[in-house]
Every structure is written in C-alpha cells, then in structure tokens.
Amino acid sequence: MGSKGSTLIVLNLKTYLEGTGEGAVTIAQACRDVAESAGVDIGVAPQLPDLYRVASKVDIPVFSQHLDGVGAGGFTGHAFAQSIKDAGAVGTLINHSERRLTLADIDASITAAKGVGLSTIVCTNNIATTAAAAALAPDYVAVEPPELIGSGIPVSQADPEVVTGSVDAVAKINSNVKVLCGAGISKGEDLKAALQLGSVGVLLASGIVKAKDPKAALEDLVSLI
Amino acid sequence: MGSKGSTLIVLNLKTYLEGTGEGAVTIAQACRDVAESAGVDIGVAPQLPDLYRVASKVDIPVFSQHLDGVGAGGFTGHAFAQSIKDAGAVGTLINHSERRLTLADIDASITAAKGVGLSTIVCTNNIATTAAAAALAPDYVAVEPPELIGSGIPVSQADPEVVTGSVDAVAKINSNVKVLCGAGISKGEDLKAALQLGSVGVLLASGIVKAKDPKAALEDLVSLI
Amino acid sequence: MGSKGSTLIVLNLKTYLEGTGEGAVTIAQACRDVAESAGVDIGVAPQLPDLYRVASKVDIPVFSQHLDGVGAGGFTGHAFAQSIKDAGAVGTLINHSERRLTLADIDASITAAKGVGLSTIVCTNNIATTAAAAALAPDYVAVEPPELIGSGIPVSQADPEVVTGSVDAVAKINSNVKVLCGAGISKGEDLKAALQLGSVGVLLASGIVKAKDPKAALEDLVSLI
Amino acid sequence: MGSKGSTLIVLNLKTYLEGTGEGAVTIAQACRDVAESAGVDIGVAPQLPDLYRVASKVDIPVFSQHLDGVGAGGFTGHAFAQSIKDAGAVGTLINHSERRLTLADIDASITAAKGVGLSTIVCTNNIATTAAAAALAPDYVAVEPPELIGSGIPVSQADPEVVTGSVDAVAKINSNVKVLCGAGISKGEDLKAALQLGSVGVLLASGIVKAKDPKAALEDLVSLI
C-alpha cells in the first residue's frame, strides 16, 4: 500500500449537472477541504468550460477531461494544450472510455501535454491496452473496465486481476509510469483495496458527484488510508 | 444589403496562440470597442477553456466553437450545452469544417443548444449541405468552402455563387434561417460584398486574429457598411 | 399505397453470421425467389466482402451497406464507389444508424455513388434529418428511429407520424426523392402499413435474417401487397 | 538480414483505380508470379469488395486493408472478421495511417482477427506507437512515418532510425512480434536496406501499383535479396 503522500485521487465531473458551472466550484471546494484534512491529493476534472472558473477559485489540482494533440492554428473546437494550461489546469485525462482517441492521437496528446508542462493520465480498458499506453510514457495510466463504469460495483472487487495485471504489465514496460484504477469506486474500502492491489490511486465519478452529500462521500473514501 | 442592425460578424479564434487565454480577452476587447464605434454586432468564438474568462471580463456576444448534442451524465470530454451556457456564451458554432459532426449529431446539437437558449450557427461546405442544414432549423448557417479557409482569398470574390446559391436554397427551405458566409474574409470590401450577395454577415478568423493589429483590421472590416 | 412495381424492399444483412459468406448467397437466393413470385423488387445489402460473391451468383439488386465519398488514391480501408460498382452492386446504403457519417461526407458519398451510377439510400433518424437528407438529392431516404431498430416493434405501428411526417417533409424539399422506412419491420402487415403511410418501401434486417425460415418470413412480408 | 523464407512483402492496393476490381486480380497475379520466381512471400491487400474475387482467382496470401473489432450482429457497414475470413483472406492490416483506430479498437480488432485465424499487421507512425502496438501482441507491426507515405522517399533512407528504433523497442516488449516498415519503398535497394535495418519485410503501395509495369517493378524490388 502506497504512502498517503503518493496517493492520487481524481474526481471526474463528466457532464453531470451537479458538477457543471458553479456546481463544479462547490465540488472542488469539498475536494480541497477533504484533501487538507486527510493529507491526500485529490484532484478534480471539470468540463473544459469550467476549468478556468474552478482553477481560479479553488486551490486544488485541476485536470482537463480531454486534450487533443493539436498545435496552434486551424483546429476549431479542439482542446488545445496551451489553452488548458492557461486556464489553470495541472494535468489532463486522455482517452477516457467516453472520449476514445486513436493510438496516434494518444501519443500526440501526451506529447502536447508534456510540451506545456501538464501531467498526463491515459485511460485504458484492459491489461493489454494498459501495457500499450505505458509504452507511450505518460505519467499515469488509469485502467477502467468499461462495463463497470457507473455500475457501483468497484473494480477492486469485481475484477482485481485487471488491477494487479496492469501493475505488473506496466512495471515491465516502463517503471516510471504509475497506475490508477477506476470504475465503480466510491467507498473507503474500495480505495484501500485499490492501493493494496498495487495502484497508486483512483479515478472516480458518479459515486461522489451524484452522492447526496459529496463531501461526506469523499470523507468516507479517504477514511481507511 | 442588410441594415447594420441585422449584420452579424463572428470572429473565430480557433486555436491560435494570439487568441488563447488572456489573448482571447484582448481580442474580445478589440471586438467590443469596434462594435460599439461602428454600431454592428461582433461576436467572438474563443476556445472552450476561454469561454468563461472572456464572457466574465468583456461585454460582448460569446460563442462556443463547438457543442456536442449530449445530455447530462456520462459524457467525459464532451462540450455540454449547459456548461457552455453557464460559462456565459450566447450561442455556438456547430459542425465547423475543422470539427465535423454526423448529420444526427448536428440535429442533436441544435436541439441541445436551443434547450438552454443558445443561438446556433451551423457551418457547411457547399450549397447542398447548406440547404440540408437549413432543414434542421438553426438560427444561422455559415457556408464556407473549405479550400478557401485560411487562404486569404475571400469567398465573396472567389466563389460568389456559393453565397447567392446558399441564400436562395435556404430561402426555399426555411425563411427563418439566416445565412452567413466565411472563408478568406478580412477586409471591408469582403464584408460589403458578402452582404450584397445576400448573406447577413460573416464568420472569419485568421485575417483578423493573425493581423499585426487586430483592432485596426476590425476597423477596416466594418468601414464600408 | 404504391403499386407493386414501385415498391422497394431492401434486406440489410448487417454482420449477422447467418448472412455472412455463403449465408449471404443463400439469403439472396430466397429474396430472388420471393421477389419473382410476388412481383416486387427485393434487394439485398450484404457486407462489403460479400458483394462480389452475391452479385456474381444471384440475379438480384445488390446494395452496399456503406460507401465512403473518397476518390481513387490513398484511402486504405475505405469503401470506394468504383470497387463497389465493379463488384456488381447497383446501389448503396449511406449513413446507416450503425455507420453514421458527417453531413459533408453524406454529400460526398451521394456524389461519388452517382458518379459511377449507383443508386443511393440515405438513412436518417427523424423527420428533421430526413428533410435534411432530402436536400442532398439522393434517390431514397430511409427513416429509421434508432430506438426501434432490432426491437421487433414496427415503426409503422410505434411511430407512424415519423413516416408520414417524413413523407410530407421530403415532398416539400425534393419531390424526386422517395421515402423508405425501417426499424422493427418484418411482417406483411408492417409492410402494408408502411406503404399506406406513404413510403414506397422498407429497409429491414433481423426480422428476416434471424428468422427460423427466412424465405417463409419474406413470403409473409410480401403477402398483403 | 533475414533469410528469404521469413521475408514478407505486402502490397497495399489502397483505392487506386489500377488495383480495383479486375485490376486487383491482375496485380495479384503479378505478385504471385514474382513471388514464385524469387522465392519470397508477397501478399496483396485489395479493397474489401475485391477480397473474394482476388482470393478465389489467385493463389496468393490476401490481406484485408482493415478489420473492425466487432462481432456478429448489428454492425452495418463494418468489416467483420468472419466475412473477411470467408472471403479467403489470411490476414489483415489494422490501423493504417489512412484508417486510424482507437487504441481500444486496435486491441479489439487483433482479438477478433485471431479469433478466426487471421494474421495481424498493425500499422504505426513512430517508435512510441510501435512499442505500444507490440504490447497488444499482433503478428506484425508495420512502422510508417506518415509524411513519407506516397512520397517516393524510402523510410530506410530518410529515417533509418525509426526502423532500428522500432526493432529495438519491439524486441524489449514482445519478441514474438515481427517488424515491417513502409513508406516510400519501391526499389530493390529499399527492401535490402529495410532488411538490413532489422525489419523482416515491407509494406508498400504506390511505387508498385502506379508503376508503368507493376510486374517489372516487383522484380526490381526483390532483385537484391
């Protein structure tokens, strides 16, 4: 199990109404408060239009939900690394299961993010694609079996082998890459199990964002580490 | 030629570095100043991460460069209508040539935008697709021959028939839909010609954003109407 | 209700195992036999690798399931109009709900298909997109509410207004475009109802391909016209 | 340099008119004749509608240009592994630069191809993506810098490091995966250089298909091994 200092929790706000606009700010404040109390890192991934609002109002690591590997120029409607950086983000999700990219574009996104100093979390769906993503040298891979996303059934319980298998596969390919896991994570026992399986943290969403009391849900999440 | 009051100019900032972050704010201020002096409507379309920053700092119509026809929920990395609205935008481009959508998604985007009160500008590439887009009842269609985008050769000069043909085709299908034109537009004579061809305004980008003095370029743009 | 002579039935084999390889030939033979007995046109849409095999063995109108609007050249893995024509097809589906295209690409596909003499059936999902597709002047539009595809609930019963509304909308935009309907169609009464609602035929799939006896299912389909 | 027996040459016919329909058969016959004379393996990758025609007329390894990782069912217009197998193919290209796939879909395509006994060649664009592809355990990776495709400038000369770097990276990740290279290859010296750099063969296209005499061009290609 990792020390608290190296544990990373990233809360993906998706397009949940509860996490849109000022809602994103409110949830980010809850993340900050719980992170300070518990001594863990909790980042938040709001929608692109909410990056600046959240980052300028709350002192918390802000991640983009997506980043396109495009440069400056004629790329209307794309998520350009520099604008994400300027909005105050410190990193980005890449290739979330709800926003898949081609292999070439994942590589280009990582390169573009690194070029402006953003950390990178590449999402994957199984051990094979996790290994492949590790070969591209992002900071993190986050393995999430798509069938468990939003299911309420934690990956650490339903499919612990995908986590341990990912940790092993990544270690062989690039030991600098850290492994997160996700899908169905919301409770303290889920996070504890995820860390015991060798991941350094979790990516989570509905279990917190849609909770009646997101702050209480976050407090439960970090209660066992 | 339309009266000034009904003329619409929309400046697309794409992913130009000059129009990213604080640069977007600076260009928006120039748009506002020229719009006030000239008595015309000038809107600006910054990148998604810059919507809130621009809309909260400059009193000008702000358009998104893109909007996905998705609802609230599990749509990580998508451009959700409500978040665009909450960021302060009044409308959105849809289906720009650099961000094409399926026909079903254009329809869904228009519906989603209308649902939160955003005005819609659907971009098209020729007379046939302009007619098709008009059948979906957006507020505007903006016809832009892709080969002229960024060329510096104004569509009003290189291919006036695509503008007049679009105006005629749209009038037959839905007379509530207004026509903009774009591609290669940057000078006062280009805008004047565009209005004389029956469009109610223009969509433009590099000719202003990449100009040495964007404000002076905007002043030239509106000098003949 | 249209006369038999103008009625068109197109059986989409999708990627059903029963309609793959020699299975496609067997189903095409059943279509031919029933078409001859009943005096109606029944076409079949096999997968791309099966076009030549079916067209060279069975004298029946063969449609491609998809066609890309690309020309000759560097378009690896694309469905090129000339190769579809050379394989013996007489037409093609475009923009099926399982293979959506951008608006610009639908237009390019229609143009490419016409260029080699293939007839075109553009699939759509509601009245608005049907009207839009009609503006592109294909030979047919085929409206299919996605939620009814493969449901066994015929569109003619679940949502007759989408058929009559499509027929009306298309008539206003381009009276040369004929309307098919689809989704959940498999019985004689479904086809009869579809024709009574003003369509000239149907697009159907699982109800026939997955039937215990596809030929008997086809005989039932055409029994009431 | 590999022995002739393990060398693989794959000729991609793309959507070249010269390689469409009966043209595909004619080029495949030239490939077969030269392969027999020279004692090397030459495969051909025709368009999907030409797979059956070529495979049933010419005794040569036939590859699909593309394969979707979909199963049997509702996947209209997709390239289904079983139909490609039934058409007589022995393998498939996956993720060609002109037909990029998401990382998850590359993985699904490899799995689907293996499931029906098709060999797999995953195309990549640089050393990083080659390493990533190797982690998915295809039979071959084929590295092709996109900027050199169709350029007439052989990768073995313009960018030999991308070949040797790919060979090294793949060896570390999965030594069962063999490396091909491509882009700009057409001459005997290009193939010889490609083998000397550690690849086991080449993927090529326009240099042969668009040659005045494709058979003579193939004879030159294999003349130095």
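Order of writing sets the chain letters: A, B, C and D. Residues in each chain are counted from 1.
The criterion applied here is as follows: a residue touches a chain if its C-beta (ideal position, glycine included) is under 8 Å from a C-beta of that chain, and two chains touch if they have at least 3 such contacts.
Note that the structure is predicted; figures quoted are calculated from it, not measured.
Between chain B and chain D, the least number of touching-chain steps is 2. Set against the Cα centre of chain A, the chain with the most distant centre is C. Separating the CA-averaged centres of chain B and chain C is a span of 37 Å. With centres defined as mean CA coordinates, chain B is found 34 Å away from chain A. Each chain gets a centre from the mean of its Cα atoms; for chain A and chain C, those two points are 43 Å apart.
Within chain A, residues 97 each touch two or more of the remaining chains. Pairs of chains in mutual contact: A-B, A-D, B-C, C-D. Of all the residues in chain B, the ones that touch chain A in their complex are 12, 14-17, 20-22, 45, 47-53, 64-66, 70-80, 82-84, 86-87, 89, 93, 96-99, 149-150, 205-206.
Interface residues of chain C facing chain B in the complex, by the touch rule stated above, are 95, 97, 100-107, 124-126, 128-129, 131-137, 169, 173.
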